[in-house]
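Heads up, the next two complexes both have subunit A, just with different partners, subunit B and then subunit C.
Moving on, here comes the complex of A and B:
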């Protein structure tokens, strides 16, 4: 039986560790098993490269090793098993409740408020903590903990903010502001960092940095718009233009060269960006109309305040008109009586 | 080749019996030995094997030892005293299952109505 050189063992063990296999002695098990598989193919005459490629092909999906780790955790760790079930059930239940609640709210049906509170509570108190726990058990990396916690915080604040806003509870503005701050200053840097250090990175670091800046710009823009602060339009336009004309095409072009098949992340990215941007743009349109209305009202108020004479004239004219109407009505009456 | 669906319930017994008869083994050796014994009809994938081995270890049926082997760490599994006492029970259970299956499979038409 041919024996692998230390370098060849390193190649295999790096491939296993790159998949994030960390549970107990599972990485050692899998590395040894793959090494044995490769050695037995080399015994039949293939080179290391061919043998390793064949073993990987036989493994099927590139996520296979991770799945084995998840199955192992699921079989061994009862807490993980419970958390995963909680995560699935509460995730679905919370989303359904939240969705139904918004439908009920739009239709002005009763119980919308109760459902929304229940949905938000399921998502924040059951789904988010269990998801955090599951992710932690699966990766156990301190580096990613920052990402998980900032995602958790951002989601918690966003859901809370929506709930408070819709229910007209006090403090909604503060919570939404906080969620914006957390998203821009904690979540985005965390995502960017994890994309940059990830060993599965697909494109040049510049693309990720440009993309992150563009997203931060447009988010800040939307946030400014919500708060009716100046420069919102410019921020949104710059952010979206950079995102859709530079970062997105660049990313797609570089990754298309490397990948022969469409990765799930790609579909997720397309659907996800639509899901975020469409509502934001629609909301923005609403806000623009709202702004216009307020502006009109304000200018009217101002003009009225500025020259009290016009007000008087206006009210005088109004009185005159109403008198005329009365006159004409009386006239009509007279005609009728005649 | 026997389908993994059929294999699922008996995998635990197969692993325990093998470790009892052949002593400590590592994961790859288990799959290899099973394949030899069944002339390639039963192929254990590591996707089925390692979750089971780790579960048996957490139930204190197996213990592991690690050694350096050719630039890598090799984990070997062996039965604990509890594991040893479990094997006989599991084999008996599997044998009963096989016998019951025989009774169903060898059923001749009409006999039960006689």
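Moving on, here comes the complex of A and C:
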């Protein structure tokens, strides 16, 4: 029976460790198992490279190794098991509460506010920390930690900002601004970095970079809008245009041309982007109608006064004030939605 | 078949994105773009995509999940189209459509994926996340109505 050289064993053990298998003696067990498989195939006459490739094919993908680690942790570690159960239950409960709260809010039924506060608290205080713990237990890498923490911060601030805004509590604007800053300067670079170094990367790096730039552009646009700085509209349109017309098609073409069936992820991405775009435009239209209504009411009020000069001055002043007010509202909302 | 589905998917997102931009900017042709985009999604892209996804997964038990997914998309996007286009019946449709993903889709999704042992928990997290985003957007819609 042929034996593996130390170099070949190193190749296998590097492949296993690169997957972030760190739990106790699990990596050694897995490496041993893989080496035995490779040796038995080599015994039947294939070379090391062919045998290793065949073993990898049999395993499915490298992701299987991580699944084994998850399963081991789940079976061995009680704290991990509890965390994972908490994550599942709080995630589902929080989502349902938040969803029903928005229905109640639209219908003006009672208890909408209570439900929304409860839902947001479940999501931020139970779901996010337990999800963070589960991810940390599974990977334990310093680089990933930065990604997890920035995701946690961004989600916390965004959910908090929406809650404050919908409940008309003071400070909503500040929280939303903070969430925008965290997303642009911490979360997006972290996501981009982890996508670029990931071993399962399937598209060219340039696609990820273009996508990240597009998203950052549209975020910056929303932030500019909120701050009443110029060029906001142009930044948003450019960002979304690049995202939907260049990055997304390119990504789909390069990653999915070898599949035999349509991937559920693709359906999810298409439906998901529409589920964000359509309410966004509805909201914008609502705001424009609201704007018009207010303007009409004000001109009617003012035309009661007979002095044309005062009317003109006043309506001018009102116009400026109401426009500014609505503009800031709109800007904040768009930031939230992202 | 598969390539066509990817192409129709990309056409759908492009159409709806352009429609939404045109609508917000009050440029002409927005309504036509949006209507075409959503009809594309509901009747040309989704049925073959879901059938292909179902075949790719190869589990008979998931059939009801795919059917429910289609109905959820149909109800939700049709109601939004009606609302944007100011067609009659939008109000009633919205009352059905807003709770629909939570009352019908989520339980079926959790039931079916709960039985599937190889199902990845992160897919569930992604679906939950999308539902949270969607519901917070609908919650924000109330701000202008009041």
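FYI, the second predicted complex is superposed on the first by the 244 of 338 C-alpha atoms of A that agree within 3 Å, B and C clash if a C-alpha of one lies under 4 Å from a C-alpha of the other, contacts with A are read in each partner's own complex, and residues count from 1 in each chain.
Here is the rule we go by: a contact is a pair of C-beta atoms (placed from the backbone, for glycine too) under 8 Å apart; a residue touches a chain by one contact, two chains touch by 3 or more.
Because the structure is predicted, anything quoted here is derived from the model rather than measured.
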Query raised in the report: When the two structures are overlaid on chain A, which partner does A:6 contact: first (subunit B), second (subunit C), both, or neither?
Result: first
Query - Which superposed partner A:18 touches (first subunit B, second subunit C, both, neither) - result: neither
Query raised in the report: Which holds for A:72: it touches subunit B only (first), subunit C only (second), both, or neither?
Result: first
Report task. Between subunit B and subunit C, pick out the one touching the greater number of residues of subunit A. Result -> C
Requested in this report: Identify the partner contact of A:295: answer first if only subunit B is touched, second if only subunit C is, both if each is, neither if none is.
Outcome: neither
Requested in this report: Report for A:276: first if it touches subunit B alone, second if subunit C alone, otherwise both or neither.
Outcome: second
Query raised in the report: Which partner does A:64 contact after superposing on A: first (subunit B), second (subunit C), both, neither?
Result: first
Query raised in the report: First (subunit B), second (subunit C), both or neither: which does A:125 touch?
Result: neither
Query raised in the report: Just subunit B (first), just subunit C (second), both, or neither: which does A:32 touch?
Result: first
**Report entry** Partner subunit B, residues of subunit A touching it in the complex
**Finding:** 3-6, 9, 13, 23-26, 28-33, 35-37, 64, 67-68, 71-72, 74-76
**Report entry** Complex contact set, residues of subunit A against subunit C
**Finding:** 84, 87-88, 91-92, 94-96, 98-103, 105-107, 116, 123, 131, 159, 162, 165-166, 237, 240, 244-245, 248-249, 252-253, 256-257, 259-264, 266-268, 270-287, 289-290, 329, 333, 336-337
Query raised in the report: Which residues of subunit B touch subunit A in their complex?
Result: 26-28, 31, 46-47, 50-55, 57-58, 64, 66, 69-75
Query raised in the report: If you look only at subunit C, which of its residues touch subunit A in the complex?
Result: 2-3, 5-6, 9-10, 12-14, 16-17, 19-21, 23-24, 41, 45-46, 48-50, 52-53, 55-57, 73, 76-77, 80, 83-84, 94-95, 98-99, 101-102, 106, 110, 121, 123-128, 130-145
